[in-house]
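In what comes next, chain A is part of two complexes: it sits with chain B in the first one and with chain C in the second one.
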Partner chain A sequence: MIEINIAKEFGIETGARTYADGPKSGEEFFDKLLKPRYEQAKAEGKQLRVILDGTEGLASSFLNESFGRLGKAFGAEDLRNRLVLISNEMPKYIVKIQEAIDESDTR
Partner chain B sequence: MKAILDRIFPYSIAFLIGVLVCYFFTQIEYLEIDTKVSVPDFIVSVISIGIGIYLAVVIQRRQSHSQNHYNYLLSKLDLNWAAYNTFYEGISHRSSIELRELNPFVKQFQIRNNDLNRLFDPIMVSNNLDILIDELEDIFLKSPKQNNVIDFSSSKTEIEKKGKKISKEFVRVYNEINKKC
Partner chain C sequence: MKKLKRQQKLHLLNRAKEEAKKNKRRGKQRIPIPVNSVYVNTRRSNQKKVKRQFRAAPPVAFNLQFENCVGVIDYVNSIKEAASKRWEIVIDLSKVEVILEGAIAMLLSVLHEISLRRIPIGGNVPFNSDARLTLEKSGFLDHVSVRGVSPQHQKVNFMRSGKKGDTKSFLSDQIKRAMRTVWGEEGRCQTLRNVIYEMIRNSCDHAFDPKNVNDVRWHLSISFDDDRKLVKFSLVDNGEGIPNTLVKSYLTTVKNLFKGDADMLESAFFGEQKSRTKLPWRGKGLPSIYESYSEGKIKNLLVISNGVFLHFDRGIKENLNTAYKGTYYYWEIDSTCTKELFID
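So, the complex of A and B:
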């Protein structure tokens, strides 16, 4: 299984939606970590585990942008089978990500 | 074992004294005490005192359990209420906020609120604070941002409205705890 630990690999303080909003945005996270790791997981036929715990908090716009883009790029169905989300501190993040993925399907 | 005996001993003595007092009082007839021992009366006295003690212990336990639960819920709610007030007072005289300030507030608030909801569920206390805080976060996040600093000057009225709604919800939850506990 391929893994991303946002707090350790991207930072405990994250930004908002796009590059224009400032550093450590959801768009930056998608480009630098989420997309490449997802592609790697897909190429190797593995799952991608994303650990959301340990940050100072993730803005809804950060989650929406990064995972929405992932859903748009690879399709919600593919994500449902390959993406494993870990959020013990804030289970609500998982709900928000699922909503973003579902919305990306209808965009 | 000794600790148990130590605890039981005073109760047993009090129980026996209670039985004797109860018994002798049942024997008073026109201010004359009948010194003959009546076995059925004695048994009735023992049973009455036993039931009395049992009821007293059960009621006391229930009362203190419910009081502890109530105090615990209020302390948890107070913690979140205080955190919210500090945050709200902090932004009320400003027109911008850094994401590094907003994100931890929202996360910590929701974590504490999740814990509260676990306690609220069994006693059927409804709580919409999580939804309201999400809506407040959305207002901030929709405002213009630069270098992770949110300029909410154009959304101040909306934020004030939401702030008042959140305060009202705190009061409503507080009153509901008072009613249910």
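So, the complex of A and C:
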């Protein structure tokens, strides 16, 4: 299994939606970490585990932008089988991400 | 540089001597100015461009409760109008009897904008001791020159202004301080941080004309009350305002045409308005703020935007007779809120 720990690998202080909103945005997270690791997981036929705990906060705009883009790029069905989300501190993040993925898949 | 002739040098020397004599005479005739009288510091301003002085009495009850907010908004609007004409601004608060942090934050946000344009600002403080104490704690005296008045109480509030794209790393420390005030120990509160992030991003994304995005400014004010274990937050922007942006948006629906601004703003918090970007995963910022409120993580959520007043605790949703150009948020956290505290 391939893993991303947002707090350790991207930062405990994450930003908002796009690069224009400032550093550590959801768009930046998607480009630099989420998309490459997902592609790697897909190529190797593995699951991608994303750990959401330990940050100062993950704004809705951050989660929706990064995972919404992921859903648009790879499709909700593919993500459902491959993506494992861990959020013990804020379980509602998982619900938000699942909604963003479902809404993003317009294919 | 052209060399001066002897005659020209003498003329300049004599003129300087005359000027020095005049200044000396003025100094001798100076009359002491009473404490707390209005004083406008014009030293840093470009005096040639200043035409007239704005001086109007603010409401005696200077707060943003529904009953008093129209008077405060009208007062703030008149300051903005005077500043647009480059008048000197005098904030005469001497007769104010009740003043609350939210209204101070709104006033300071406007004064901050004005000071960036190097327009002189002066004023005084309320004679009422409670009102004066609240004002001093807010840091008002950092922004307004008040002759002969030095703060008797330490500033306990935090205020920060910023624009789109600025780092908000200062928030972590302020949130820890808020947690210490309310719960007695420091820690992370992800919901609180997310609320502030969404408000700031919403101000930048939706409350301003995209053409002027670099002029976007927001003002965050946090007031810590250790005795009451209460933290008050205000976030103000001086942009377009949410209802105006919803109306201008090309995603304005037929349904919206039949809604008043108050209904439209409320429905945006309930997640019934789509993002103008047409990206399906967007448009969740205001609903996530409301979600934090409905979960009890924050309380007393109040929003004023354009001509709309929304106070969720009191169930007030009204179109006002006056309009505030921009958006104002106010909310609180105290020990009656749902506790969310992550200690590392």
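In this section, the second predicted complex is superposed on the first by the 105 of 107 C-alpha atoms of A that agree within 3 Å, B and C clash if a C-alpha of one lies under 4 Å from a C-alpha of the other, contacts with A are read in each partner's own complex, and residues count from 1 in each chain.
Rule of thumb we're sticking to: contacts are C-beta pairs under 8 Å (C-beta built on N, C-alpha and C of every residue); 3 or more make two chains touch, one makes a residue touch a chain.
Note that the structure is predicted; figures quoted are calculated from it, not measured.
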{"item": "Which of chain B and chain C A:Ala73 touches, first, second, both or neither", "value": "neither"}
{"item": "First, second, both or neither for A:Pro91, with chain B first and chain C second", "value": "first"}
{"item": "Which of chain B and chain C A:Gly57 touches, first, second, both or neither", "value": "both"}
{"item": "Which superposed partner A:Ala100 touches (first chain B, second chain C, both, neither)", "value": "second"}
{"item": "First (chain B), second (chain C), both or neither touched by A:Glu65", "value": "second"}
{"item": "When both partners are placed on the shared chain, which of chain B and chain C touches more of chain A", "value": "C"}
{"item": "First (chain B), second (chain C), both or neither touched by A:Ala16", "value": "both"}
{"item": "Touching both chain C and chain B, counted on chain A across the two superposed complexes", "value": "13, 15-17, 20-23, 55-61, 89-90"}
{"item": "Chain C - residues contacting chain A, complex", "value": "164-169, 171-172, 175, 188-194, 197-198, 200-201, 204-205, 213, 279-282, 284-285, 287-288, 342"}
{"item": "Chain B - residues contacting chain A, complex", "value": "99-100, 102-108, 110-111, 114, 130, 134, 137-138, 141, 145-150"}
{"item": "Contact footprint of chain C on chain A as seen in their complex", "value": "13, 15-17, 20-23, 55-62, 64-65, 67-68, 71, 89-90, 96, 100, 103-104, 106"}
{"item": "Residue ranges of chain A in contact with chain B within the complex", "value": "13-17, 20-24, 55-61, 89-92"}
